[in-house]
Amino acid sequence: MMPDLGRYAVAVLSSYGASLAMLVALVALTWWRGARVKRQLAEVEARQARATKGEP
Amino acid sequence: MEMVVDNLGVARGGLTVLEGVRFALAAGQALILRGPNGVGKTTLLRTLAGLQPAVAGTLRVPPESVTYAAHADGLKAVLTVAENLAFWAEIHGGGDVQAAMAEMNLTELRDRRAANLSAGQKRRLGLARLLVTGRPIWVLDEPTVSLDQASVTLFAGVVRAHLARGGMALIATHIDLGLEEAAVLDLAPFKARMPVASGGGFDEAFA
Amino acid sequence: MEMVVDNLGVARGGLTVLEGVRFALAAGQALILRGPNGVGKTTLLRTLAGLQPAVAGTLRVPPESVTYAAHADGLKAVLTVAENLAFWAEIHGGGDVQAAMAEMNLTELRDRRAANLSAGQKRRLGLARLLVTGRPIWVLDEPTVSLDQASVTLFAGVVRAHLARGGMALIATHIDLGLEEAAVLDLAPFKARMPVASGGGFDEAFA
Amino acid sequence: MSLWEYANPKKFMQVSAGVLPWMAGLTGLCLGVGLIWGFFFTPDDFRQGSTVKIIFLHVPSAMMAINAWVMMLVASLIWLVRRHHVSALAARAAAPVGLTFTAIALVTGALWGQPMWGTWWAWDPRLTAFLILALFYLGYIALWQAVEDPDTAADLTAVMCMVGSVFALLSRYAVKFWNQGLHQDSTILKVGEKDPIAPVFYVPLVVCIFGFVLLFVALVLMRTRTEIRARRLSALLARERLA
Amino acid sequence: MKALLLRDVRLAIRAGGGFGLGLAFFLLVAVLVPLGVGPEPATLAKIAPGILWVGALLACLLSLDRIFALDFEDGSLDLLATAPIPLEGVVAIKAFAHWLVTGLPLTLVAPVLAVLLNLPGPGYLWLVVSLLAGTPALSVIGAFGAALVVGVKRGGLLLSLLVLPLYVPTLIFGAEVVKRGASGTEVSVPLLLLAGITAGAVALLPFAAAAALRVNLR
Amino acid sequence: MKALLLRDVRLAIRAGGGFGLGLAFFLLVAVLVPLGVGPEPATLAKIAPGILWVGALLACLLSLDRIFALDFEDGSLDLLATAPIPLEGVVAIKAFAHWLVTGLPLTLVAPVLAVLLNLPGPGYLWLVVSLLAGTPALSVIGAFGAALVVGVKRGGLLLSLLVLPLYVPTLIFGAEVVKRGASGTEVSVPLLLLAGITAGAVALLPFAAAAALRVNLR
């Protein structure tokens, strides 16, 4: 299955490896921060909704 | 010459802190602003001085008539008292430095570098700057911090003389300045009401 | 535990500003320092805190018992209220952060970064630091600047509680704190006389 | 209904929530097909051998690195002129994506350069200009992070983006003037040249380029949504503070 | 305006103001590089134009944060913004003052340091000419960067990061002029481009800088 | 003490703390020098050890003023001086924190930048080793300089001037290690000397720095 990369195998494989690693890291970071901010916002909104309902 | 503020809203850090502020100030009048810590006095004064835009309402001030004094009083430590004042006088087209130093009791310190003044002496120098600008509207943020009692009285006298010359003054302060003729405006009633958080609305977050 | 100051002389910028200062402070007592601007209050307090040497007289203070609070209150803008206090508590061997926040009415603000506090809230945090150091002698330079009336009263209560625990306090201030039990020392009489220039003597210039 | 309505945060959140899953799926499809095709099912080039496979990462990321900056420039202009918060936040969201693409282009280029030119790095104008672009990205991101107030940060970064674009162009001409390079000129978009890329490489390359475009759009949408939420979060917290 | 220029120059000259420090830094770079690189005259002669320009640029850079930050911290900038002179004028004057106390002295001492780096003879004239044509751009671009970061505490490093990429074209053309001058070839093209950059920067950047300042004062 | 170290590192990492900017500056120097000097690989390879060390040194230098100045300005330093830990310990910890957030990262990215400057193959290992051995000295010497100028407003430039001469021995031996390593000759003598400088600086300078701080607080 693996194509024969000849004497350039290292260059090609490390290009793919490094690029995919960077892309995955970027996507993971994006995802992770997105989920965290979404959760925090939900918390604060719930808290404030409770506060405004509770007070008056 | 008149300053008119109508229905003014001011914001700090993207949030409106005061709204519906309304007053008018004519030549010869002073207004003292009061309010608890964090109500927005500094924010209001910076808006009136033209350093930040108002978020609502109208603000009518004659152009180039306001001078502002905050905690940081724009003194250069390596310049002497006289040099500091002379600079601001020249920038504003030549006020009388000698007279200003005499009025704020700084004549003896005239050749002392600002670095070597005590906290209160520095403050006096900062206030003397108001006189050399020659501008009619003084906007002052807690001007008497770290002044002793004698200096507070001296300063009240200077403000009174300024009013008598047809000037105006807007002063935010926590202490009593002894300016009985000045009107007092409490800012607490103008505190902005928080809009109720409506679930899932993203619009008001950017107000 | 006692603090004794006898015939103390303190200098600023190479010039003696106060001399012959004399007082004693026992556990549970407070002393309020008064005096006009530039008389040398800040200089005296820094000397008592051990930040600069005295030029004359004796100063008997138990070692590692003084904590000093000036205008700059050592807060890190990017740390939260609790983090700021926890740092100073750890440095001093673990004071009670929760209790300090409760006493200075900061518990609600515990996770807010110091950058986002108003001037008065910041000051309260700076004063809460005194509590976590666990040190008995508080040396305070104009501690109530920019506090509103309610916070001043709160602070007076905290000082009183500290005294009741056997602490001491030395406070330089221009305003009335409402601490009636504290002794008051006016520094004006201790102002250093300028040495008369005796022709050709170079000694006193280096004093 | 005008286009500007999408710059309203609420509208944007609604629309992007609907679009995003499709976008993500399409991105995965394009990138997967393009890269697998490129890596497994293309022949070796007669001169470059198997290194030609690097082109499927190098060229799309290089193109998108530049396009991301252009998008940020446009978004900054929209913010300065119409003051739509979404566009300022979109510019902010795009910067790290652009920086990552720049890094990928640089790394794959370096790894390609070793067998082809016998060196990891040469001060060729194209390469140099790219390095400078990376510096601009770094500065832009650092400025966003350093300034506390979000609107102030948006204004400052927008001004910086505009001035920076001018100087980035100037730098490009300057480095060309300075040195003739090794790197080949752009041929991808010039149809009908005498020496075009062979179709066996061209077709998967186009698929990959599409994949990178979609990836960019999907990531920017996602990050913009996060930025909007973060902005609302800090506004709600600040409001709590004032109350 | 004249008062502002005089004040800025005076502040720079008084103790602690930083005048002369830029020069000293330039000197240090010119000394450190041979120490690091090694003493071979041929190598040094080759890299002299580039190193001298990089040194001038770094010396300029290090004094940038004084342009506005000090005035911002002590409140002078608030007061200048409400004073009866346009903020664009303030920026231009302050950049000019910065050039007077760094760019100009750098230009004047550069030939002396060129001796340390073994610059070939014909290069000296072009070194001075290129610095004279290029350093104003460094000051103006730097003033723009300083205006961007004026609200950031101890923003020196951030300032470097923002400003150095903007310095690239100036550096390339400036060093190219010296290199060509040193090897006796025609210098007019890079020199004209250098002058063009300076002219453009001086004409346009004060407006951008004033806009950034207004935002920061808000 | 641990609390202080944690706080300093945390402050450096939080937004605006300047972590990463030192790296960016190092990158900038590594980019600017070739832009000024020109692209010939042979010339670059020759000057690479020196330029990399000069770059690391400048990057270190620019973040020095944060060591004490921020704490001085906000009053923390007064409080630390009266706290129950010796001021020498405070200095040592702060220098260590500075090394953790600048010297160490610089060492780690240096090989990448060496690619830009075309450093010959065998030099990479010795570049990392020499930086690892030398950057602690840079931080400690820098902390001493920072303690000297802590009362000076925006004293960055003055600080550079004071500290750079002190950096000269470190620079010479450090660059020499890399040069010898790159050309495949014996490196042990300069490396030992470099380590010796670091050991001496770490052992003695905290005392000098603490003394300077005490004077400046007075």
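Going by the order they are written in, the chains are A, B, C, D, E and F; count residues from 1 in each one.
Here is the rule we go by: contacts are C-beta pairs under 8 Å (C-beta built on N, C-alpha and C of every residue); 3 or more make two chains touch, one makes a residue touch a chain.
Values in this document were obtained by computation on a predicted structure and should not be read as measured data.
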| item | value |
| --- | --- |
| Fewest touching-chain hops separating chain A from chain F | 2 |
| Self-contact between copies chain B and chain C, residue sets same or different by half | same |
| By number of C-beta contact pairs, the top two chains | E-F |
| For chain B paired with chain C, centre-to-centre distance based on mean C-alpha positions, whole Å | 29 |
| Averaged-CA centre spacing for the pair chain B and chain A, given as whole angstrom | 49 |
| Centre-to-centre distance between chain D and chain C (centres being mean Cα positions), rounded to whole Å | 56 |
| Distance from chain D to chain A - Cα centre to Cα centre, in angstrom | 17 |
| Overlap residues in chain E, where contacts from two or more other chains coincide | 16, 152-153, 158, 161, 164-165, 168, 172, 218 |
| Numbers and ranges of chain C residues touching at least 2 other chains | 116 |
| Per-residue overlap in chain A, given as positions that touch at least 2 other chains | 45, 48 |
| Chain E-facing residues of chain D, complex | 132, 135-136, 138-139, 142-143, 146-148, 152, 155-156, 159-160, 162-164, 167-168, 170-171, 173-175, 177-178 |
| Partner chain F, residues of chain C touching it in the complex | 49-53, 64, 66-68, 70-76, 78-79, 86-88, 90-93, 129, 133 |
| Contact set on chain A toward chain D in their complex | 1, 3-9, 11-12, 14-16, 18-19, 22-23, 25-27, 30-31, 33-34, 37-38, 40-41, 44-45, 48 |
| Residue ranges of chain E in contact with chain D within the complex | 144, 148-149, 151-152, 155, 158, 161-162, 164-166, 168-169, 172-173, 176, 189-190, 193, 197, 205, 208, 211-212, 215-216, 218 |
| Chain C partner contacts - residues on chain B that touch it in the complex | 13, 36-38, 116-121, 123-124, 142, 145-151, 174-175 |
